[in-house]
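Here it is: the structure, laid out below.
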Amino acid sequence: MIKKEEIETGYSRREMMTIAAAREIKNGEIVFCGTGISMLAAMAAKNISAPQSTIFFETGAIDSRLDEVPLAVADSRVMHATAVNGGLAEAFATMQNRFTGSRVVGILGAAQIDIYGNLNSTAIGDYRQPEVRFSGSGGACDVASFVNRTIIFMQHEKRKFVEKLDYFTSPGWIDGPDGRQKIGLGSGGPETVITNLGVLRFAEESKKMYLAACYPGITPEEVQLNTGFTLDLEQAEVFPPPTSTELKILRQRCDPQRLILD
Amino acid sequence: MIKKEEIETGYSRREMMTIAAAREIKNGEIVFCGTGISMLAAMAAKNISAPQSTIFFETGAIDSRLDEVPLAVADSRVMHATAVNGGLAEAFATMQNRFTGSRVVGILGAAQIDIYGNLNSTAIGDYRQPEVRFSGSGGACDVASFVNRTIIFMQHEKRKFVEKLDYFTSPGWIDGPDGRQKIGLGSGGPETVITNLGVLRFAEESKKMYLAACYPGITPEEVQLNTGFTLDLEQAEVFPPPTSTELKILRQRCDPQRLILD
Amino acid sequence: MRSSQNKVTTLTAAIASLVKNNCHLSIGGFTINRNPMAAVYEIIRQQKRGLHLYAHSNGQGVDELIGAGCVSRLEIAYAGSGRFAPTCIRFRRAVERGEILVEDYSNYQMTLRFMAGAMGLPFLPTRSGLGTDIIRHWGFAKSLRKNDNGLPDQKLITIDNPFGDWCDSPKLVLVPAINPEVTIIHVQQADRRGNARIQGLTFADIEQAKAARHLIITCEELVEEEFLKREPDRNQIPFIHVDAVIPITWGAYPTACYRHYDYDPRYLNNYRQTAEDEESYQTYLVEKIMGCANHQEFIALNDDEHLKNLIADPETGYATGLKRN
Amino acid sequence: MRSSQNKVTTLTAAIASLVKNNCHLSIGGFTINRNPMAAVYEIIRQQKRGLHLYAHSNGQGVDELIGAGCVSRLEIAYAGSGRFAPTCIRFRRAVERGEILVEDYSNYQMTLRFMAGAMGLPFLPTRSGLGTDIIRHWGFAKSLRKNDNGLPDQKLITIDNPFGDWCDSPKLVLVPAINPEVTIIHVQQADRRGNARIQGLTFADIEQAKAARHLIITCEELVEEEFLKREPDRNQIPFIHVDAVIPITWGAYPTACYRHYDYDPRYLNNYRQTAEDEESYQTYLVEKIMGCANHQEFIALNDDEHLKNLIADPETGYATGLKRN
């Protein structure tokens, strides 16, 4: 199924998102991956720009080889040729650990996000009898609490970028620069939000989300129109499109079956 | 080196003590062993009367085969043909665990004991600059705190059976029947004290130590003379000496090199 | 029973005697891997009701138990099956309809809760959850907690660090222990006494196993004790924790069992579609699950060729090149 | 450094750069097994002073560091070498003479303290220690604690269970985390990046390793990464925790290294006798330890026949039938 945008640009939005996230990962970092696109972003980074990054899963796998893309973080594909096969206890301890946690970058997704990067992946409506129920935190709250920085994937829709979360699952900057400190969390926090429209970051002084870049063909106004709170659009640049090398590696090496890309 | 008592009776006091302890172990129990004579007692029990008891070490070995007697709980001999080789964390969790801890019998030794079976294995004199320094708790305080019942090995000397411990390392009955409950410990506590003179137990109503039996040739008065507090001697019986089968198995199967027995 | 030398029994007998209606049950595995599915289906066949279920991130097992109406209450961190169902379908529906009570934790919180249970402790601390609705919103009301002595009186408690600023942790969340009445896990190898070896990731299975009053182990292979004792470094669960051992090949199917077989993408995709529709789901339950006398019959619904495609490659531990669309 | 692809270095360099005078150091192993003895002797050769040492039940390593005057403060549960020295000789003497400060914990408390450090937590709870002098008597005074930000302000804290009577635990002892500046462990196998495999019991080495700011691993065998990755279930320490890897055969000698060699009863018995006498101990230090340029020379003091007797039997992992009187 080829989407309209793909005919126009030669790449899909999902590919753009994956590559945008991959570019955020630094060589030498430990990358916490969830299921789906975040896993693909980590694989892409490792194959393109951060060969010495270490892919790591909450299920306990460290430095998985990933010859094939896993379809869940418990997929047997994450267990092959790892440094250590442990369990959840070891994985989360690595993130809460004072010496290793500071070198972990976490990639998360959510159903709702607010201007401070706090996340809801639990429910819409009343908690005990919700209108829509989602999977729940999984490791998201843990990762968001422990690690040095997080990258967040979102579908850019007004009902997902909200003034107030229906349920506060995972901490972002809480309510500003000293928000995390006030509730007892250490350093760390969300750094980047990658959507199907562009890339958003958090202002240093306020920790409020602003639009850092739009993908080619997207306007800042379009982004604002799909956001449930007011965004600072002043600093928005045009995001560099995927290079042919990036696309080639993503398509041929990371997800040739297009299990996640489609 | 043959001791006087051995010439008279055909067995040594150390053999008598080992067999006395082995007889306390019930089939099906999980036996926590320390170094030395307690390990030998567990081996003897397993080979004589409690074949389905499980020998288990604080170092993390469960159900060690023990083809040769170990000289420390970390001896590689405890690691061979176990059910699981773990670590200290797993071993002590097994004892603190509500379902397995209640099936563990711990065998301990100490430098001092009081009438309630509280133990000192740390120091004589001032703690910070002691007259005599011992090894310290090791796992003794943990075992004494967690498991359902303990058996204690002691050399019977006045300076070791004391009114008041110089240092309180491991909890026995504290100060009476509700002593453990008052400080927040669950059920469990010392059951038997096995010395080179006889076997002592704790009175149901007071949890004070009394003389339950003397070895053949030892009088209750001799025991009292070597005890630093007043013992109830009224119930003292004569302890049945080791049988030839017990001695044979102990000598030939458990410690043929007499590494611990001598 | 736990010191018995032979704990091998049938799944029918083990579930009948240990999994009572309304009991507190925990199942191992993670999303689409090593769920104790044979046991799950047997629980469904025996029509257990009112289960209080614990998991961390469980997908297929939890969803099928909920779909079949066995579950009243659920404590969980994540109910999803990866790409096959980002949120489990029957779980989602049951929560939205108010058919089950659910209480949310994070994955690490659930792990620590089982770990506390295994360690014989009432709680463990963590920094995860500070300031979130996971602390503020309880799934179970105070009154419900009071009336069930299998539940702690409070969900989570935030405290100030009694050691001041030690380790830069001014505040901690205390998570209460779970001691399930029964835990069921599926492992690769076990012996008759119950010594067990998990291959690949252990998830939180070891903690879940040791936290339980009773432990049922289903295993792909029943092996000799001597075999396991030759390499004890690779074993995780000693027999002292185990009540029942049931050898069942394909015991985790349709979820994966590392080094034995992969998850079945066809089954999981069909399940998602089936679960979306009330009528077809009831048909599925009647025909596929209740209609089979046991797991062997259920597995035999697949032709051999299909199962062969799922068999793990000995080198990688999964079905290399498996069609997974 | 911890993400470097090649961490192999010399022991001389690793000790010189990471083990500073007065630093907080933890060493792995238990009584007479898998002590990182090559590293211990190198620390003695480099005449490190004022070390704040952590162990749980350590025998030979701790005693030699104390005997050589390297240690000022010690936190420990047990200082003994099994039948070879029920209480370590130089440790005992140093404490009785007031030459070192010692603070006592139980074995589980020390394990939990390292575990808390590894988990990034300020403390963990236990029921062990309630009502004992381990809580009442501090080895380090309040003022000393205040002046060293590597130490918590309090030794142990007793609290009421915040969850009431949950798990029948009305009271708990909180044990504070240890985050040593350096941990040194000896393992059987490691690769250049620092992935490591311990064979046999792990003691508290994994917790000690992960709790540390810096980790030095000495290993019997340096192996290829691919070798370790073929069976990751058997590995315990991923490279992300590791700073330095030093291959040293007989690196735990005279203590044992399971599946490689046994402890040396002759050495340990001689050591006990030597340690009892001041003069012969100084001679021992000068000739045996300082007199050798490195561990290879120290090992070469033994004739080959003697070492051969210590080599582990491949079946049992120890030197079957070794004369141990």
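Each chain gets a letter, A, B, C and D, in the order it is written, and its residues are counted from 1.
To be clear about the criterion, a contact is a pair of C-beta atoms (placed from the backbone, for glycine too) under 8 Å apart; a residue touches a chain by one contact, two chains touch by 3 or more.
No experiment lies behind these values; they were computed from the predicted model shown.
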CA centroids of chain A and chain B: separation to the nearest Å works out as 57
What whole-Å value do you get for the distance between chain B and chain C if each is reduced to the mean of its CA atoms? 40
Could you please state the distance in Å, as a whole number, between where the Cα atoms of chain B are centred and where those of chain D are centred? 27
Where does chain D touch two or more other chains at once, residue-wise? 120-121, 126-127, 167, 169, 172, 179, 200, 233
Which residues of chain B are in contact with two or more other chains? 79, 81, 85, 96, 98, 146
Line, ring, star, complete or other: which describes how these chains touch one another? other
All pairs of touching chains, each written as two labels joined by a dash: A-C, A-D, B-C, B-D, C-D
The chain D residues in contact with chain A across the complex are 2-3, 5, 118-121, 179, 195, 210, 212-213, 228-230, 232-233, 235-241
Would you tell me which residues of chain D are touching chain B in their complex? 29-34, 56-57, 59, 76-84, 86-88, 91-92, 95-96, 98, 101, 104-109, 111-112, 115, 126-134, 136-137, 139, 158, 167-172, 200-207, 256, 258-259, 262-263, 265, 312, 316-318, 320-321, 324-325
Chain C partner, complex, touching residues on chain D are 116-117, 120-127, 152-154, 157, 159, 161-164, 166-167, 169, 172, 174, 176-177, 179, 199-200, 233-234
Using the touch definition from the top, list the residues of chain A that touch chain C in their complex. 35-36, 58-61, 67-68, 70-81, 85-89, 92, 96, 98, 122-123, 127-142, 145-146, 167-171, 174, 183-186, 257, 259-260
If you look only at chain B, which of its residues touch chain C in the complex? 28-30, 52, 54, 62-63, 65, 79, 81-85, 93-101, 103, 146
